[in-house]
Structures are given as C-alpha cells and as structure tokens.
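Once you scroll down, you'll see the structures, which are given as structure tokens.
Across the two complexes that follow, chain A remains constant while its partner is chain B and subsequently chain C.
Then we have the complex of A and B:
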C-alpha cells in the first residue's frame, strides 16, 4: 500500500500554494489581488488571477504573535485601537510594515465584499489610496429577513457583472464561460465536502477536535474554488469516517462535555484558550463557520443569494438558527461566547443570542472578553474563571440529568 | 436684535425638549415616526401625513437598560437610541425607521426590533454602490418597502403629488438650513456655537415647513444686521454629532466660531436636494441618496474625495482650522481619520481631534484641548 499523505498536510499545503502562486505572479509581473474572505472568489479564479487574503494573513500574523506589533504600527499611523484588529494589521502591512510571520506580495488590485462587515469597505478604500490601485466593490447590504429578496439578487448581480468587466480589464483576459462553470462546480464541491467534514462532529465521542476547523477554515477562505481543496476535504472526511469506525479522535482527551465556541478564536492566545478546555475534557463540537461557509448554489441567482448569507449579514433569526442547528446536531451541552472586541457587527448580537440559546437549548452559556488579533484585549484569568464556571454548571446539569 | 433673540429662544426650547414637541404633535392628532441616523428619506413620512422625528441618541443620557443588548464598546448614539426605546421615551412614536449602514447599526436594527416589539419597526438597507442604475433601483425598492408600511400606519396613500410636495418642502428647508450655516459663519457675534446648534437641531423635531418659516425669518433678520469683525478664530467642525451644550460652551468661551461643518447631524444631512416635480419622485429620492458623498459612512468610488472636500470647505469659509469630533467607538469615523489628517496636513490646515461620547459629563480634556487649539490658531 502506498503511503497516503494525511489530509491535514494536504490542506496546509493548499494554503501555502495560494500564497506561493501570488509571489510567482508578482515575479512574472502579473497583477496580484487582495480579497476579502467572502468576495465571490469564482470571478478571479476563473480569470486565473492570483489573489491573497488579508484576513487570513492577519489571523496568521496574530497566531504567531505579531498582532500587537502590527496593531501598534497602525495606531502610529493614526488608526484608532478601536478599529478591527484584522483591519489594523492589514493596513499596517499595506503601509509597508513588514510581517515575517506571514508575508505576502503587496496588492495591484483589491476585491472588497462587505457582506461580513462595513469595516471592510473603509479598510479596502484605505489600502486602495495607499497604493493608488483599483478597488472592485461588491456591496451586500445587511438583510433583515430570513429570505433573500429579488431586489438583493438583482442589485448584487449588477455589481457582479461589473466586477467581471473590471477584472477582465485588470487581467487582460476574457471570461470563459466554461472555465467559470468549472470553478463554480469546484466551489460547490468544496462546500459540500466542508459540510461533510463538519458533520462528523455529530458523533459522540467526536472523531476530531472541533478546534481543528478553525485551521481548516483557511482553505475554505483562500482556495474554495480549487479542485484540490474539494479533494483534500473529501479525503479528510474519509479519515474521519475511519476514526469513527476505529474509535479514534484527534481530540486526545476525555470528552466529558461538548461545547459550541461562538466567534472567531483569539488567535494570539490559542494555547491559553485550549488549555482549560482540554484539562476539563470539553471538546468544541460546534463552530458557526460550519454552516456559514457551506455555500452551495446551482445557478447565478443562487450564487448571489449565497453571498448574502454571511455571518453579520443575516438577520438575528437566521444567525440563531444556524447556531442552534449545529448545537442540536452536534449535541452540545454548553456554549462559550467570545465577545470579540474587534468585531462589532458580530458581538453586537451576542447578548440577545445568549438569551435565546439558554431558552431554546436549555444549556448553560458563558462569555468572555477577547480579541481575534490584538492580545491586549484578553485576560487569561477571566477566561479561565469563565470556562471553569461553564464546566461546573455543565457538570451540575449532567448530574441532574443522570439522577432522573 | 431682540427679535433674533426671541427666535433663538424658541429654537432653543424646541431643541432642548423634544418630548414636549412630540406630545404637542400627538395632541394635535398627528402621528410621529422616529427616524434614526442616517439618510432616512423623511419626505416619505411627511407625504404620508405624519411627523418625521429625528432620533440621534441623547446628549447627556445614561446607558442602563441597553446594556442588556450591547457590550460597552458600542457608540453611545446607538446605545442611547435603544435605551430610549426601552425606557419608554419613544413610546409616543407610531413607528421607527432604522437604517443599517454601519457595523453598529447592523446589530442595532436587530436589537431594537426585538427589544421594543411594540414600536412598529421599519428596516432600511442602503446600497453602497448607490450611483449606478442598479444601485438607484435598489434604493428605490427599499424606499418602497418603507412607503408601504408608512401608508399602513397613517392610512394615507403616498402619491406622486403629495411626495412631490414633501420634496419641495424639504428642499426649501435644506436651503434655509444651508443658508443659516453660512450666515452663522458670517455673523458669529450674533450666532454663537450654542445657538447655531439649537437652530439646526430643532429641525429634527419639527415639521419642516414650520421650521423653514421660523428659520427664514431668522435668516432675514441676521442678513439685515451689520457684519462685525470677529475677534476670535474660525473653525470647521467634522464628525457625527455636536449638540452638547457643555461642549459648545467651550467653543463660545474660547471664541471659536463654527463657520462651516462636516457633521452628520448638520451639513451632511442637508447637502443634497431632491429633484422636484418629476413623474418619478421615488426615483428622485433614490437618486438623491446616490448623490450623497464625502461621508465616512459611504463608499467613495473615487476613493479619496473627502479630504479635498473638507479642505475646500475650510478655504471657502475662510476658517483657521478644523475641529474633528470623534465619537467614541465609531469605526467609520476612526478609520477615515488618517486620510483626513493627511489631506489637512498637506493643505497646511491646522486641526485638532477631540474624543467624545453622548454620556460624557467631564469636559476637562476637551476644554484644555480646545483652549490650546484656540491659542495655537491665534499665533498663526
């Protein structure tokens, strides 16, 4: 039997390749783009344009402890420390402050889609000014209803068509229908495989540590239109199937409790975040990225709708529904909410969501203050106390249940 | 002069007591619709026979109940709007229109909708790609959704005729307010920063024809007065809202005349008129939004128009400097600050940045900064 490369390694190399591809393009004198994570990646991919992802870069820099340094550079440029940490890191990098933690070529054009937040609009405008480069803007207004109306679809479609024209000009190539369809098919296949991977969290005990999803997400963000991503996620799903069969898991500890981790993790503090969870046997079996990145569509109108369904662009009810859905499926018995100082749109729904989770799911909910990128907004002591508190209440609930 | 003072006192009374205004309208049998910031097409409310009532937080307010919905790191204007919904201040309203254009307003709309279920709620999405045909169409579609709800609440149909009439009344009011802003800059010895603010603020609590009538009278009286040389300095203000009497008093005490502004609550709200007497007044309203620019909240397709616009404003109004009021936790304003700063520096215009929020009670720092700024300007 030939040695199989573990899916984890394959996934990591896909992300590396995305950035290598951008460096190579730069070297050949081809334009390189920077894109927000939920810009319709299908267009640039079909036109063969090299693209990097500032959010992914900022997360990587933060995880390697460069977040505070870059944030401080941004502050010295006049950006308030109140602004999203990803934006601060990215604007500092664009302004010329280096980050060996995760270098990427400077942009020649920008792809901005503000479905996740309006901060994106202004962040990308700032970078476009610094480099005097074109900005392709797809605006997805916030939606107050569960359904996405035709008005949204038409409006986004109009911008989508304009974006294609702009990018044809930037790339010097014409959009090839067949290529576009192929890319869309890959994107759907990746989404499906991603959801399949996520669905393994429903097994009890889980065949993997849910925190792994935060790492794999990089692939969904940077390479969802590539066939190899779909293949790697499919391979991962097979491994997980094996794990279920053999009672294996990448969660190396007892699985006493299963929780949802709400929000983006504090990248600078991954170790401290993980520590009390593993010590108390609390596996994360639900993260909202699962449903939020599972884009599937079968025609262009549905594609427009899919891009309307991002975290922070959907109404409260949809947001609650996504989360409660995975909490139920994945048999969660407690919820840990990250009040992420960086992300105003996200954290702004959390108090109401907490109430709904408690009422609808009957599980304890505990929150802590932190930040996805700026380490100054996290207190390990507070976090540990809160996790401890959650653990205790979950134990209590469990004892009560068992006594019944 | 005495007439001017009488009019200013009347504006002052209205600006200071919106609740009374609201109660008065209600006792006249009118319905009022709360209009949260930003860019609410108030003309629709007016055309439906109701009173558009601006709700821009509450200067000097306290956040208490809203803490159940927002962590501490949200701007006070959004939190206080919710607070007023929760504590009953907004009870007299027959509905509210809530735009969702910034990252705080996104969750605000949801929080308000669930926290105040008794107040009929009208959600408003604005497009950022607002200039192209598809953007104008989207705006029109959103305005139509509001229109249907307003008609339900008021029982009055919004027709092309009454909408065209409302547009005319609003254009007249915008014109009067713009004129007043110019006059306030030319006659700072008559119009202090404090009285300038109450005149502009009262517009949010009045039917616009009533406001225009009073304001045109005031403008006429000011115009008829002799211009006197101003011994102090002249500034342009920029930011979201500056209506705190304590803050404005610091301007007055230091003889800093506000000769023009780039405030969301003032000039940004009245910069663009709507085309009158068209067969498609709704489209005209949507086009007006398409023509809005130079705002931290709006996508700028030309990428850097705002600093130049402000520099121009400073030159035209012959101001000596710019006072940038940064609302705490307002990321659109904060993220656009460095570009503005660069633009002002390149043009050699002195500026100062002052942090503020609507709950503020201690103005010591603002006092020190503004005083120092006034001193700097005098040495130039």
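Then we have the complex of A and C:
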C-alpha cells in the first residue's frame, strides 16, 4: 500500500498544478486568463478555461523577497508607491518585468470582480490596455447593509450571465449545465471543508498554528472549484482530528496565549512577524479569512449573494460580527492588527473595529504598521515592541483572572 | 530587614537612563546619558549610578532592562517592554493614574491603566516620526534653538499658527517658510508643539482618555508640549520631575517584584 501523502503537500501541489495547467494551455495555444481572487471562479472552471491569480502570484513573489524589486519597476513606470503592492507587482509583471520567484503566463483575457476592492478595477483596466485584451468585469457595489438586497442580486446576476456569454466566446465552448452544477458542488464542498479545517482552532491547545491558514488560503483562492481541493481539505481536517486526539499540533511551542491576527500578513517579513509570537507562546487562533472564504450557496441567487461578501465589501457590522464570532469561538486573549499600507480599504475601517473589539470583547488590541508586499513599510523593532507589549498586557489579564 | 537593591536600565533610542532602588521604594541613585542603544551610553550610565550609590553589581538583587535597546543587554536578569515599565512607574508616582502619555525619542504611546495599576490597553504611533521627540529635535535645529529651550519660547507666544504637515520633512519646509515670512520664533515653536499634541491626542482618543492623566518620557520636560496637550484633551496633565526616568524606574520596580522568582 502506498503511504498517505500529508494534506499540506497535497494542498501545495494543487496550487502548483493550477499554474502548470495555465502554462500547458498557453503552449497548446489556448487562451489564459488572469482573475481577481473573488471573481466567480465557477464560470471559467465550467468552461475549462485556464486561469491564474495575480494576488496569489504577488504574495508568492513578496514572500520570496521579490516584492520591492517589482514595486520599484512599477514606480518607474509611473505607478505611485501609494498604490496597493499587489497591484504594483502585477502591473510590473504584466509590463514584462520577469519574476522568477513565481512566473506565470501572460494573460489573454481578464476576469475582474471589485468585491475585493476598487483598486482592483483600475489595476485590471491598466493590464487590459497594456495587452489590448478583453476585460470581463463584474461590478459588486459596496454592501452597506447586513443583508444582501434583491436589487444587488439582480444587478450581479445580469453581469454574471453576461460574463458567461463573453467567456463562451473567448473559450469557443458552450456552457454545459451539468458541468456547471458539478463545479458549484465542488466549490461548496471546498468551502465546507475549509470551514471545518478552520473550526479546529477552537480547541485548546489548538491542533495547528493559525499562521498555517495563510498558506492554505492559496488553494481557496486559486482552486476552490476543484474536487481535489475539497478532498485535500477534508484530509487535512482528518489529520487535525487526529492531532486533537493525540495532543499534537503544528504549533511547536507552548500555547500561552491565543490571538487574532487581523489583516494580510507582511509576506516579505514572515520570519520577523512570526518570531516574537513564537518566542512569547502566542498562537494565532483567529484570522478573518476563515469566515470570509467559507461561503456556501444552494442556488444561483445565493451564489450572487455569496460573492457580495468579501472582506472589504461588507459593512462594518458584518465585518465586526465575523471577527468577533471567531474571536469568541476560538477563545482569543488579544488582537494584533496589521495596518497595511497597501490595503487602504482593509486598514481604513480598522480604527473603528479596534474600538469595538476593545468594548465588546474586553481584550487588548494592538496595531502595527506594515505592508503585505513592500518591505519598505515595516520596522521590525517597532513591531517587536508592540507584540511584547501585547504579551505583557495579556499576562497581566491572565494573572488577574487566576487571582480571582 | 536587610536592604534590597534593584536596578532598572532604560536603553532608549536617544538616551540611556538608570535607577537603583532600595526596598522597591526609595531611589538611591539615578543617572542619564544622552546617547542610547548601540553606544557607550548604557555602560556609562550603569557605572554612574553604581559610583553615586557606592554599590557594586554584586549588591544588586535583580537587574531589569527596558527600552528600544533592551535586547542588547545580555548581562541583565530579564527584560520588559517600555510599555509595562512606564505604566508601573506612573502608578508608583501617581496612584490615581488612568492614562499615561509617553513621548520618547522615536515612539509615542498612550497607556490605559486600571485602578489597580494594571496596564489594560495601549496605542502607539505609526511608523512615522511625527509626534515624537525626534520631530522636536529636527525642528529645534531648523530654528536654531536648543530643544530644552522650546518650552520657555512657546510660553511667550502671542499668536497661534498652524504647522499642518504630519510628515517631518514637509513640516520642516513649512517652518522654513514661516521663518521666511518673519513669523516670530515663539509662535512657530508653539505651532510645532500644537502639531505634536494633535498627533498624540489622536492616539490618546483611540484608547480613551480618563483622569488622572500623567505624562512620562523625555518630552514631558517640555512644558510647551504639555500645555498644548492639555488644550487638545481638555485635561490636566501631571508631570513628575522623574518623568524622563519613568522607564528606568518602572524597570527597577519590576526588578523588585521579580527578585524572588
């Protein structure tokens, strides 16, 4: 009998396959798309189109320390350094600057959905012009109510149907109803398995290091409609169940405290980011990606609604609810907020969220400045002081609780 | 009871401070050297307090380091962040303290303290140096006055002017253009203080400001900043003569608590 492949390896190979698939398609002369992370992936998948993900690519380039070089190329092209680092890296790559850290084929069409943010729209428009290629756009207006209204559903549905037509033309294939349903079923299954994996962070001590989710996220972004993704997450959930049973964890240190890490990590500084956390026994047991990427739907209208719920397109109340929900479930003692110089929409509503976390959860909240892609916006010494301060406050809370 | 001596060293970005405490209550000696992490400052400041107190290292039960350069002090018993140390010192000096504002060389922080003296929350400046001691150093150089004189100058101001840039470099050009327009130095200095106070007050409001408010750190010596902050926050601000030793004092107090464990 062959040995069981660890879920972590299976997950990584799924992402590699997405990119390999795109290279192969390019070689066969088939069109390759670039897609924003929350464009309804179901359409291209059902039509058998190869798609790559610039956000994922930019994160990978940044983690391998190519972020600054690519950002500087973009700035030399005239893009301001206030623009999101992912956008700068991606536009530099589209303009022909190579990135061995994570290469992918140049696009023949673009899939843009601004449910993530509006920077996305301009970023994709720029690339569409650079390459003179079609841009399939789905506009999702900012959702300022907790419920998604029917008008939203209709507005997005119209664009969704139109996107199908455009992609039928690009692929030269007709949409097959059965195939579409199968893809939707996979997407739901992946979401469910993803949520199950995330739910293991409830256990104390946790059977895994929450930072792992930042890596696994890549699969939800690039391959959520594939059956193998659902299967790999289900396998991971089984491994975690085993960990709980055997008191194992991928968090190799003492779990003195449990925190929520809010925001995208600083990919260029993953080591410095992790260092004071592990040294002080602070495991991350809550990240907003858990609820934000675990959407399920049972019909097309619900699918439209699901795509209205991205981290930056939901109203403050929903955003707070998501986070406070996982903080309570996963029993966090403190919150570390990344004010990400790249991501204005995300960082912009953090001061008010911080205020609510303090009030509603009664835990210390500490913030630091950084950037998901551009290393020039992070200071390690400043970060360390903030994390140590957070640790000391959590220790005081703990001592007080134990004294009672 | 035999006497217990503990030492607190605060290795900041621009200065080193050290205090020796007797029985966790009484300051036996203190010293400050105006150079910080990575310089001869930490060594010299320790030598100075030992000399003054006529004690040797062996007489000390526990030594604790804090401040930006605390990790470079590998010979001490332990380290703590300056946040906890400032909170500890402020509570020692003012038992009714609920809010501490500390403006240091390159950091500004606001701490919330519980009635029992526990640090419950804090906010710190972002990456930018505006609103910190460094900002004041740069401005003093531009207008050719000593940093220590800034407080006296702004007290004599008769006009309110605005330095609106939050960026140190842009604020510098604003100050230069005010000089070119012959604006009185006193008014410019007051404007600079208001700009620092505006930044720090924003930070304070994020964690909530409750009486008593105590200011610690080197910048507390500058009465112009204290007054500007009082105006911004509509609160009385208490400043101890030991304000700039707060980090070292807190460290020495923690050292006393920790000496047994």
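Here, the second predicted complex is superposed on the first by the 402 of 404 C-alpha atoms of A that agree within 3 Å, B and C clash if a C-alpha of one lies under 4 Å from a C-alpha of the other, contacts with A are read in each partner's own complex, and residues count from 1 in each chain.
One rule holds in what follows: a residue touches a chain if its C-beta (ideal position, glycine included) is under 8 Å from a C-beta of that chain, and two chains touch if they have at least 3 such contacts.
The structure presented is a predicted model; accordingly, all values stated were derived computationally and were not measured.
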Based on the superposed arrangement around chain A, label chain B with chain C as either clash or fit.
fit
Looking at A:144 after the superposition, I want to know if it touches chain B, chain C, both of them or none. Which is it: first, second, both, neither?
first
Touch check for A:125: first (chain B), second (chain C), both, or neither?
first
Could you tell me if A:379 is touching chain B, chain C, both of them or neither one (first, second, both, neither)?
second
Which partner does A:339 contact after superposing on A: first (chain B), second (chain C), both, neither?
both
On chain A, which partner touches more residues: chain B or chain C?
B
Counting only touches as set out at the top, which of chain B and chain C does A:249 meet: first, second, both, neither?
neither
If you stack the two complexes on chain A, which partner ends up touching A:315: first (chain B), second (chain C), both, or neither?
first
Once chain A of both complexes is superposed, is A:354 in touch with chain B (first), chain C (second), both, or neither?
second
Quick one: classify A:62 as touching chain B (first), chain C (second), both or neither.
neither
Chain B, chain C and vertex chain A (Cα centres) - angle in steps of 10°:
70
Chain B versus chain C - smallest C-alpha distance in the overlay, whole Å:
5
Indicate the residue numbers of chain A shared between its chain B interface and its chain C interface, in ascending order.
339, 351
How about chain B: which of its residues touch chain A in the complex?
68-71, 73-74, 100-104, 106-111, 113-115, 123, 125-129, 132-135, 137-138, 141-142, 296-297, 299-301, 303-304, 326, 328-329, 331-332, 334-339, 341
Note which residues of chain A are touching chain C in the complex, please.
339, 351, 354-355, 358, 364-367, 369, 377-379, 381-382, 385-386, 388-389, 392-393, 396-397, 400
For a test of understanding, state which residues of chain A touch chain B in their complex under the given definition.
77-80, 82-84, 87, 114, 117-119, 121-123, 125-126, 128-129, 135, 137-139, 141-144, 151-152, 154-155, 157-159, 162, 312-313, 315-316, 339, 341, 344-345, 347-352
In the complex with chain A, residue positions of chain C that touch it
68, 80-84, 107, 116, 118-124, 126-127, 206-207
